[in-house]
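There are two complexes below, and they share chain A, which is joined by chain B in the first and by chain C in the second.
This part shows the complex of A and B:
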C-alpha cells in the first residue's frame, strides 16, 4: 500500500472532487426518480397518465400532486441549505434556523393568525408565520449587533426567544376555542397539503434567490470554520458574513414553513447527511444539502400520504421516523469524526 | 356486558334500541374504564349503599341516594336533591335549566359567562375556568354537593382531587345523542324531576321517530365527507358527527378511520366524490347571532378548495356548516334534522329543524328563540 503522501496531490484532489460530483449527480438522479414516483403515487388512482386530462384526475394531478411535489422540493432544499449555512456561521453542529427561534416564532405567528382571523384566512396564517419568523431573526441579529456577534450569544438568544414564543403559542392555545386549538395543532405538524400555486410562487421567490446568494459565499463559509480571526485575516468580513448568512437562512426557512407548517428535522439533519457524503467543503456541501433535504421531504411526504392512505401521516412526523435511523446508519458507518 | 348498563336507563326510546344503528360507543366506554382506578369509587358506592340500607329505604323514592350510571358505565350513588351544583358541562347546564333547577348552579366553566344572552340566570354563578382544566380551589371554595363534567374532561385524577375536598364528581356524556336518555333520566332522578325528564325524552323520542320514518322512506344513502374543525381532518367512526350522520341516513366516507379528527389527503376526498360535505364549526355565541357571520366566509373557502367544483357536493353547493350548539346536548336532534333535510330533501320537504329548535329553546329552556346555528339555513 502506498502512503498517501506519495500520491500526487493534484490527482488526489481530482479524485476527491470526482467522488463529490458523483455523489451529487447520484443524488440528483435519485431525486428525479423520487419526484416522478411522488407524482405517480397517491391515495387516489390518478397518475402520470393524467397529465393531459382535464377531468377530476387531471385536477388531482395538476392542482394537488404537482404543487405538492414542487413545494416539497422547495421546502426541503430551503430548510437544508438554511441549516447548513447556520451550522457554518455558528460553528455549531446542533444549530439550524430553528435554533434561532424561527420555527417557534413562525408557530406563534400562525397561531395568532388563527386566533385573530380564523384558520380559513390563509393569508393571515401564512403572513403571521412569516412575519414572526423574520421578527425573531431580526431581534436576535439586533441583540448580536449590540453585543459582539459571537456564535454563543446568538445561540443563547435564539433559545431564549424560542421558549418565549412557545409559551406565547401555548397561551393562545389555552385561550382559544376548540376549533382554534385543533387548527393550531394541525399547523404545527407540518403538511404539504396547503401548497397552492400562488404559495409556491411566493415560497420560490424567497428560497430560490437565497440559494445562489449562499452558494457564492461558500469559500467564505469554509474560511469561517477555521475561526473568526483566521477568516478575518484572510479578508473575510466576519460579522457581515454571519449576519448575511443568518438572514438568508431565516428568509428561506420562513418562506418554507409559513405555508407548510413546521417541518423541523430537515434543517438539522439534511446538512449532516450531506456532510457525511461529500465532506465539509461548502462549495459541495450546500448543493448536496439542498438535494438531501429535498429528497428527505419528498420521500417522507410520499410515504406519509400513501402508506396508511387515506390517513395522512403529517410530514413532520415521517421525516423524523425516516431520517433518524438513516442518519444513525450513516453516522455509525463513518470511521472518523465528521464534524 | 356494557350494553347492559346503558340499557338500564328508563324510558328507553325505540330508536335507541334499533339494531341497525351501530352501538360503537360501548367500545369507547369499555376502553374508558381502563383509565380510572375504580377502587375508590367502588368503596364509595358500597359505603353509600350501606348508608342507604341503614336508612331502611333501599329503593324508596325518598332515599338519600340515587344510583345512576355515569359516562364510563359505572354505577354511581349520588346524593339525592343536591342544593349546590358546579357544572363544567354546558350540556348538563341546559338539562338542569330544563329540570327547573338552574338556580342551584353556583359555578360554571368559562363557556357560559361568554354567552350571557342565552344564560342570563347564570350571570352570578362563579366562573371556575376551562371545562377541561378548571380551578379546583375555586370549586372547593364553592362547597358544591355535586360537580358535573364530561366523560373525558377534566382528565383522570379530578375525582380524587374533588373527593379529598368531600365533593362528588359525576361524568356525563350528554354531547352524544345516544347517551341522552340515560343521562337525562339520571339527572331527573337525582333532582326528583322525573316527570320533566320524561316530558323531554318523550319529545325527543317523537322527533327521533319522525327522523327514522323520513330516513326509511328515502332510498338514498348519500356519501358524506364530515370535516372536523381543522382543514382536511376527517371525522372518523368515534366522532359524534359520525353517529349523527348514521341516524340521518348518510354514509360517512371516513368511517374506516377511528379518530375524531384524522388528517386525510385532499385527493382522497375528491376521489370519494362526496354527495355532501358537513363541516364542524365552533362559532361562539350562536344565540346572539342574526346572520351566518364567519360561517359564510368559511363556506366560501370550502367551495373554493382545489377540485371541489368537480365533486357532486361542490357542483350542487351541498357544503354545510354546523355549530356545536345543535350537535351536542339536548338540542342535538336539531342537528340530525338538519342533516336529514340536506340529504333527503324529497322526504323532508315539510321538516323544519328551526321549529324543533324553537320548541327546545322555548319549551325546555324558557328562553325566547333566536340565533343562527347552521349555514346555509334554509
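This part shows the complex of A and C:
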C-alpha cells in the first residue's frame, strides 16, 4: 500500500509543478500578444498589421513605441519582483515598494537629482532615486526589527515615510526653477511616454541583474516564510539574506521608477495575482510576478492612452485607480489571512 | 556527537544559562525539563546554533560555530517552539522545505520520496496537498516535525514538540522519536513540560533550575517527589506503573522554590 501512496504523493506534486509551468507559459504568451498590441496602439494610425509587416515608419516606431513598451516591461517586472521579495523578507503580504514608502523615497531622490544636477544628468537622477530608496529600506528594516512590529505597523511607518518624502519633494518644487518643477511634476504622475533609449539602458542595468540574483535565492526566500529560526536551522544566513534581498528590491524599485516616476501598486498587485496562480514557492512566484507586473503595466498604459483619447492619462494615475480597491480588499480580509 | 560544556547565556540584563553542560550520544533521547523561564528554550537554541553562548559546543568533533550552515543543517535539525500559523504553500511543500540542505534547484526524486515518507510516518499523507494555512494547530506542529524528519539529520533538537498535540498524537510522536533513536541512532534532545511523557520515553532527563542543572540522569532518578517540589514548587504523588513512573500533581507547595 505504501509504495502506491508514495507514487500518488509525488505525482500530485509533479502535476502541481506542471500546472505552474503552464500558467507561466500562458502568461508569457499573453504578455507577448499584449506587447504587440501596445506597439500597434498610438495616435499615429499604424495598426497591428502594419507593425507586423513593415516595422512601421522608423521614427515613431523606434523612438516612441518600442522604448515605451520595453520600459513598460522593465518597470512592471522590476516593481512586481521587488514587491514579491519585500513581502517574503518582511513576511508581510501588505509590503511593497509603494506601500512602504520606498517609491516615495526614490521619488524624492530623483527630484533632488533633478534640482541639483538637472533632469538631463541621468546618472544623478538614478543615483538619487537609488540612494533614497535605500535609506527608506534601511528605515523599514529597522522598524521591522522592533519586537512589536505587526504587518500594519510597517504599512503605517510606510505612510509616515511617504508623507515625509512628499513634503520634501514639495519643498524642492518650491525652491526649484519652472523647468525643474515641470520635470518633478512629470515624475509624480508616473509616465512611460518619455522613455529614451539611455533611460532604458540605465533602468535595465539596475533591474535585469537583480532579477537572477533574486531568483537564485528562491529557496531561501521560501524558508524565510517558515520563520527566522527555522530558516537558520536549515542553513540560511538569515540576516544576510534579508539585507541582500531588500537591497536588490530597492535597486529594482529605483531602477523602475527613476525615469518613469511613481507607478504605484504594481509591486503589491503583481505578486498577489501571481500567488493566486502559482502559489507561494518563489521559484515560480518570482518569475510569475515579473510576468504579471509587466502585463499590468502594459495594460494600464494602454488603458490610459485609450480611455480618454485623444488625451493620454499618465499610467501612475491608472495604476492608482486600479490598485487602491485591490489594497482595500486585502486590508478588509481578516488579519493574518492575507496569504 | 554533540558535546556542550559550560554554557553561559544572558539576554540583556537577565542571565539565563549559568554553566550548563550536556553530551548527547547516538540513539539517546534526552528530555530537558524545568519550569517556565528556566532556560530550556535558550539551551536548545544554543545547541542548534541559533544563539551563540559563552562556552563550547562541539558537533561531530568540530566547534559548532565553525560548521558551515548548510553542512550543520544536514547534521542537525531544529524544531522551534513557535512556527508561523500561515504559509502560502501546501503541506507537502512545507515539509519539502526540510530538504533544502540537499537541494540545488529542482527537487530530485529522493527528495520527494523523503518528504512523502515523513508525511506518511506522521499520518499527514491525507493532508499533503491541502493548503498549510487551512490545517489545525496540532497538524501544523506535526508538519514542523515532518519537516525535521525529512531533513534526515543525525540529531533532532525539538522545543516542546508535543505542546499542541492531543493525547494520542503525543504518544505517537514520542514513540516515533524513540524508534528513530533506536533504529537509526538519531540523537534526540527535546524540551517537555509533561513529566509523564519524559519519564516514559526519555533515556535521560536533564532538570534545569534557574539556569543551572539541578539533576541529570535516568528519568526515574531525576524526577523524584523532592526534586519536583524543589524545582517546580509543586507537591506531586509519584506512582510506579508498568510504563514507568507516573506523576500526579497535588498542590502548589507552601514554600515555592
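What we mean here is this: the second predicted complex is superposed on the first by the 240 of 339 C-alpha atoms of A that agree within 3 Å, B and C clash if a C-alpha of one lies under 4 Å from a C-alpha of the other, contacts with A are read in each partner's own complex, and residues count from 1 in each chain.
As a convention for this text, a contact is a pair of C-beta atoms (placed from the backbone, for glycine too) under 8 Å apart; a residue touches a chain by one contact, two chains touch by 3 or more.
The shown structure was predicted, so the numbers you read here are calculated from the model rather than taken from an experiment.
In the superposition on chain A, contact is made by A:229 with chain C only, not with chain B. Once chain A of one complex is fitted onto chain A of the other, the partner contacts of A:127 are absent, as it touches neither chain B nor chain C.
When the two structures are aligned on the shared chain, A:196 is found in touch with chain B, with no touch to chain C. Once chain A of one complex is fitted onto chain A of the other, the partner contacts of A:9 are limited to chain C, with no touch recorded for chain B.
With both structures placed on the common chain, the touch criterion links A:281 to chain C but leaves chain B unconnected.
In the superposed model, A:91 lies in contact with chain C only, and not with chain B. On chain B, the positions that touch chain A within their shared complex are 130, 228-234, 254, 256-257, 261-268, 270-271, 273, 280-282, 284, 294, 297-298, 301, 306-307, 310-311, 324.
Residues 45, 48-50, 69-73, 76-78, 80, 82-90, 92-94, 96-98, 100-101, 103, 105, 107, 109, 112-113, 115-117, 119-120, 125, 128-129, 133, 144, 147, 151 of chain C touch chain A in their complex. Within the complex, the chain A residues that touch chain B are 42-46, 55-56, 59-60, 63-65, 118-121, 174, 177-180, 182-183, 185-186, 189, 191, 193-194, 196, 305, 309-314.
Against chain C, the residues of chain A that register as touching in their complex are 2, 5-6, 9-10, 12-13, 16, 91, 219-220, 222-223, 225-227, 229-230, 232-237, 275, 279-281, 283, 336-337, 339.
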